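Questions regarding the structure given below will be posed in turn.
Order as written gives the chain letters A, B, C, D and E; numbering starts at 1 within each chain.
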Amino acid sequence: MADDDAQTRPVPYRGGGFSARPMRSVGVLTFAALVAVWELGSRYGYISNLVLPAPSEVIEAFRDLWVSGTLWEHLGASLYRLVTGWSLGTIAGIAVGFAIGLFRPVRASAGPLVAAIFPIPKIALLPLFIIWFGIGEASKVGLILFGTFFPTVIATYGGVDNVDRTLVRMGQSFGLSRWEIARKILFPGALPAILSGMRITAAIAIILIVAAELIAAQRGIGAYIQMAGSLFATDQLIAGVLVLSALGLTVSALIGALELWLLRWRA
Amino acid sequence: MADDDAQTRPVPYRGGGFSARPMRSVGVLTFAALVAVWELGSRYGYISNLVLPAPSEVIEAFRDLWVSGTLWEHLGASLYRLVTGWSLGTIAGIAVGFAIGLFRPVRASAGPLVAAIFPIPKIALLPLFIIWFGIGEASKVGLILFGTFFPTVIATYGGVDNVDRTLVRMGQSFGLSRWEIARKILFPGALPAILSGMRITAAIAIILIVAAELIAAQRGIGAYIQMAGSLFATDQLIAGVLVLSALGLTVSALIGALELWLLRWRA
Amino acid sequence: MQLKLSGVGKSYGGLPVLSDISLDIASGEILCLVGPSGCGKSTLLRMIGGLELPDEGEILQVGAPPEGSLNPLTFIFQDFALLPWRSVAGNVSLALESHRAISRAERAAIIADVLSRTKLGDFANAWPKQLSGGMKQRVAIARALAVRPAVFLMDEPLSALDAQTRDILMDDLIELWSRERFTAVYVTHNLQEAVRLGHRIAILSRRPGKIRRIIGIDTPIGARTHQDPELLAIQEELWGLMREEAEAADKELTHG
Amino acid sequence: MQLKLSGVGKSYGGLPVLSDISLDIASGEILCLVGPSGCGKSTLLRMIGGLELPDEGEILQVGAPPEGSLNPLTFIFQDFALLPWRSVAGNVSLALESHRAISRAERAAIIADVLSRTKLGDFANAWPKQLSGGMKQRVAIARALAVRPAVFLMDEPLSALDAQTRDILMDDLIELWSRERFTAVYVTHNLQEAVRLGHRIAILSRRPGKIRRIIGIDTPIGARTHQDPELLAIQEELWGLMREEAEAADKELTHG
Amino acid sequence: AEAVKIGVLSLTSHSAAFIAKEKGYFEEQDLDAELVTFQAAGPMAVAIASGDIDFGVTAISGALINLAEKGAVKVIGGALTEEKGVDGQKILVSNAAYEDGVTTPADLKGRSFGITGTGSSFHYMISQIAEKEGYSVADVDLKALQKVPAIIGALKSGQIDAWSIVPHIAKGLDGSGGAKIIGDVADYIDGYQVTTIFTSTRNVEENRELVERFLAAYSKGIAEFNATMVDKTEGEEAQEATTQLIHKYVYTDRPYEKAAGPIKAGAMRLQPNGRLNIASVEHQLNWFKSEGLVDEAIELDTLVDTSFVETQ
């Protein structure tokens, strides 16, 4: 009995840990601390402003952009190119992607073509676009259109291919026509893939706008960044980069909201 | 009975279709036909070679590159930058990604930082890199390093987070130490995500090398393309773009082979 | 309406999956199909439902489908096959929308009727993701009822559910049959289900699936109980017939 | 080694999941836990195995674990929890590698032994992806046997398998117990399993899970048959106790 | 010998460096000189700041001034100068624009004009032209094309209307029918100090002696270039010899027979002894300030160290 008592103990705990739950407040704090250290480092000369402007200088540069109204000019120019190129590329991409997903002959002929052109880094085509479409808006919009088209095609037909085939078979078993199956089963089923394709193409479009505006653009966030770079104005440069990131985050948030709403049926 | 016979018929067929099986030969044929039409169009003057060179001209330009040996010079320069930047970025990214995945304090502090910097289009930072690292190799390698680092971090800790938690719990239930769980369960479990991250970063690296070489390089495929572009030499331009695509496809095939081998356990 | 299979065979890429299947399924009868994994039960059901064509033999429907039947051969799938982007009512509606003859109001009436018959009245607007497995399969049953089928083709309809839910749904199915006397081909791995629900039980052999035996059960479906020794004896007999093959099927390596 | 639970309770984020669970599990006894979905069976098992800490009460192990036991409390999971990147032998090896005292040769001998005891001798080098569900669970059992546990903690070990495979593995488990007389806590939804395998069956109520009833079965495990009327009666009784709650649990909407 | 890196462009106006290198004038000063070729002037200032090179010769750019402000570089002398009456930079228009009636610099209002980048010398030139002609640079559609070859391509294909460039390129384009010359930059800018010699602030402050030695060698190159190529006082043979020397760096992609003409034509006077037209530099600095491209507060001495060469 004494022996038994000695051997009686709670089962040893060996679980816990490996959790992915974030600690949000610490993140914000780290961030704030980092910016503070950076600012102080710049103020007291530990960080040369040749290498990195102080946060306050970046804010100042941004304020200038804002107050002078050039921010809107640059943003407007970039947005025009982005929206036009991206919308056209996305619409065309979804149409072609669906054609590939639905019709075997289209898949057989257009599929490999798309697969072959897709991996070309679009940015390398910039000089070609300038030759084809000149140095005006057309080449910039065209580059973005081209850059968004192929990933959209691939996301769309990948989405169609990945729609659970039992759902298709279910549709057939209830006597639905091909067109009804395409509309009521394949399209909504491919929507998540199309939307996540949009997320990617939005990021691609922002990268391409920067590249496109390196050449022959007076207005545009990319042009502003390039100008700041060639003038060695790191404060303006970083301000411009931050504007771009904000643009990227906004677009991604918009697509996120769209997803949340359109895909509210998702588990 | 007669009535019954009249009503006896095979059940109507309503299945089939919606198959995603490819028709490979048709693809190759389409491709060949397209190139032939393009070549003939160019030969007989329907396609101006100012706009699009004939395939034969592109091949000729490529032959020049090959024979003169400049192909290897350009490729060598680009590859050096790619391999150095990509390897360093990937190694650092995996290390940091694992630290984030394993240690909550690291996740709390480094996680949001990574999340904040990730969406910045790296290409916009090019002028900054030139300012920081000069116009030599360092800025180009640095840009690629920077561009591959963040997606790798995110892929890695995403991979760690997505390892089935029952496997972790299984490890704990057999009394494995944290380090054993990290090494034997989390690492192999995150490997698929890391490898598919590599696919993406390889594509990003190729895009960034083009951007970096557009600005300040004498050697490199990107520089060659840019030079061809500013000289309106569309044949060389397309030859250069094709070299890049081939590079992209090769890298993707290599990673594919690596995946096939390392992940042969996958269903 | 009856079904008549004679000498049906099927191969996939040279691999024979089913051979020489002949069966008659009478109106109002529930035929259970049991057999080891991979023996071609699902394939046979798909062929009966017209989703696949037999390579040999023929599958005939004898007699006209009952009047008002919108989809004489109607499937119920193991994984429910609900459209996740449609509500419960929307999923039932899908099966009706393609029939132009049914007006909006009629459609709504049918939906309300089948949902109430499957005890889903309160869930018409729920998304599938909100439902438990048992509820999802009820929606699939409601959808099937909506098109007034002559024959139900059920492919392991309960096997994705946990044991208790399975029991509950089994009772519901029995109740439904007692009311509606539908015809059904019911594929299952679960011999307990087979002996509770089948008028006849056809046992298939391993691939290529052939009919090894057909056992009839005389006890009326409504009168069968868990403890009925006769049923338990038949279940044991079936298990004796299948055990060896099931064990062998279980030990097969997949993907080489 | 015995287990003694007294007044165990657990909440997740304010939501009480289990309350006031007191149980004694004797050496060599199989205790089955049944109860509706979400009543906290898995949580209770995790607490017994030391993977989670109770908020209230305590879980004690009484007496020393048997000599040579590498991992006194060993789990067998519903989804097998095999590492897909390790072969069958590698998965068993995982449980042994952390024990420095065991040499390479000893380890190989243990692996060979447990694989042969679970009829897996021929599959030592197969990947998990190549195995059927039944085989996978055999590997998990082999892995558990390798560490010579004092108590098996099994969370619906058969519920991911099809009916026939379930039957086969159930027989194997019974055979195993007859030889090794292990102690076990066995969570299941399947009352048939419970009455075939349990010395005692504890029925939990809906969330927050409490013990509603504990039923003991005297028939020796080795002597139980499918048709045993006594067992069938107990099964009916259990079903009577649980049916209503199971139905209610099934109808709950998840995610609001 | 002390190793120094000198940034150059493949232009005839950088010949002083080529001559000094080839003729061993750097070695005479105990300098082990390496010439680093750039595609555009902009990065050269950055390269000084980042320590990639020690000396550079380019136009005064926004980057140069901003770097000077940050204490990284300093202008120490002058090189190319525009003078009325001496063949200098030309204003070019595309054939299409010419036919469309752009025949004098006054017509450039509302037209597109090629520049390498904001704050480049081309930007300065068009601003001065616009001012003298009575319109504003804002009335001109500036196209930043990064590199000279890109501007040439755009001008030839009529994608931009106008540009200004050193005489031999201008004449080459005019001669081959690729574009039309419609004026001289010298008519718009007095004593334009086109290019300057600059180095890092650290060299100026800590290694004056090195800077002086560099300037001595460079000046010798300037003197020889002016004598053989501009004033031609040494005879044809000497001109030919120097042309051959320059061809090692300029127009290397063409055979000598085709390169000799443009090289000779492109020879413009370099300031003897690196003399610096400080008035022009100040004018340029003020323009950058007025355009908002650099900080208002920058003083001339921040940009220039006048202690090395004669100023005017």
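In this text, a contact is a pair of C-beta atoms (placed from the backbone, for glycine too) under 8 Å apart; a residue touches a chain by one contact, two chains touch by 3 or more.
On a predicted model such as this, the values are computed, not experimentally measured, just so you know.
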Shortest chain-hopping distance from subunit A out to subunit B: 1
Partner chains shared by subunit D and subunit E (touch criterion as defined above): A, B
Two chains sharing the most C-beta contacts: A-B
Most widely separated chain from subunit C, with each centre as the mean of CA atoms: E
Averaged-CA centre spacing for the pair subunit E and subunit B, given as whole angstrom: 42
Gap in Å, rounded to a whole number, between the CA centres of subunit E and subunit A: 42
Distance between the centres, which are taken as Cα means, of subunit C and subunit B, whole angstrom: 47
For subunit B, residues that touch 2 or more chains besides their own: 14-15, 130-132, 169, 172-173, 175, 215, 226, 229-230, 232, 267
Subunit C: positions in contact with at least two other chains: 46, 49, 51, 73, 129, 255
Of all residues in subunit E, the ones touching two or more other chains: 46, 49, 146, 150
Interchain pairs in contact, sorted by label: A-B, A-C, A-D, A-E, B-C, B-D, B-E, C-D
Residues on subunit C engaged by subunit B in the complex (per definition of touch): 3-4, 46, 48-53, 58-64, 73, 255
Of subunit A, residues touching subunit B in the complex: 14-15, 17-20, 22-23, 26-28, 30-31, 34, 50-51, 101-102, 104-105, 107-113, 116, 119-128, 130-132, 161, 165, 168-169, 172-173, 175, 178, 181, 186, 203, 206-207, 210-211, 214, 222, 225-226, 228-230, 232, 234, 237-238, 240-241, 244-245, 248-249, 252
Footprint of subunit E on subunit B - complex, ascending: 130-136, 215-216, 218, 226-227, 229-232
Of all residues in subunit A, those that touch subunit C in their complex: 164, 166-167, 169-177, 180, 184-185, 188-189, 191, 263-267
Residues of subunit C that touch subunit D when the two form their complex: 36-37, 123, 126, 129-132, 134-135, 159, 162-165, 167-168, 188-193, 226-227, 229, 232-233, 235-236, 239, 242-243, 246-247, 249-256
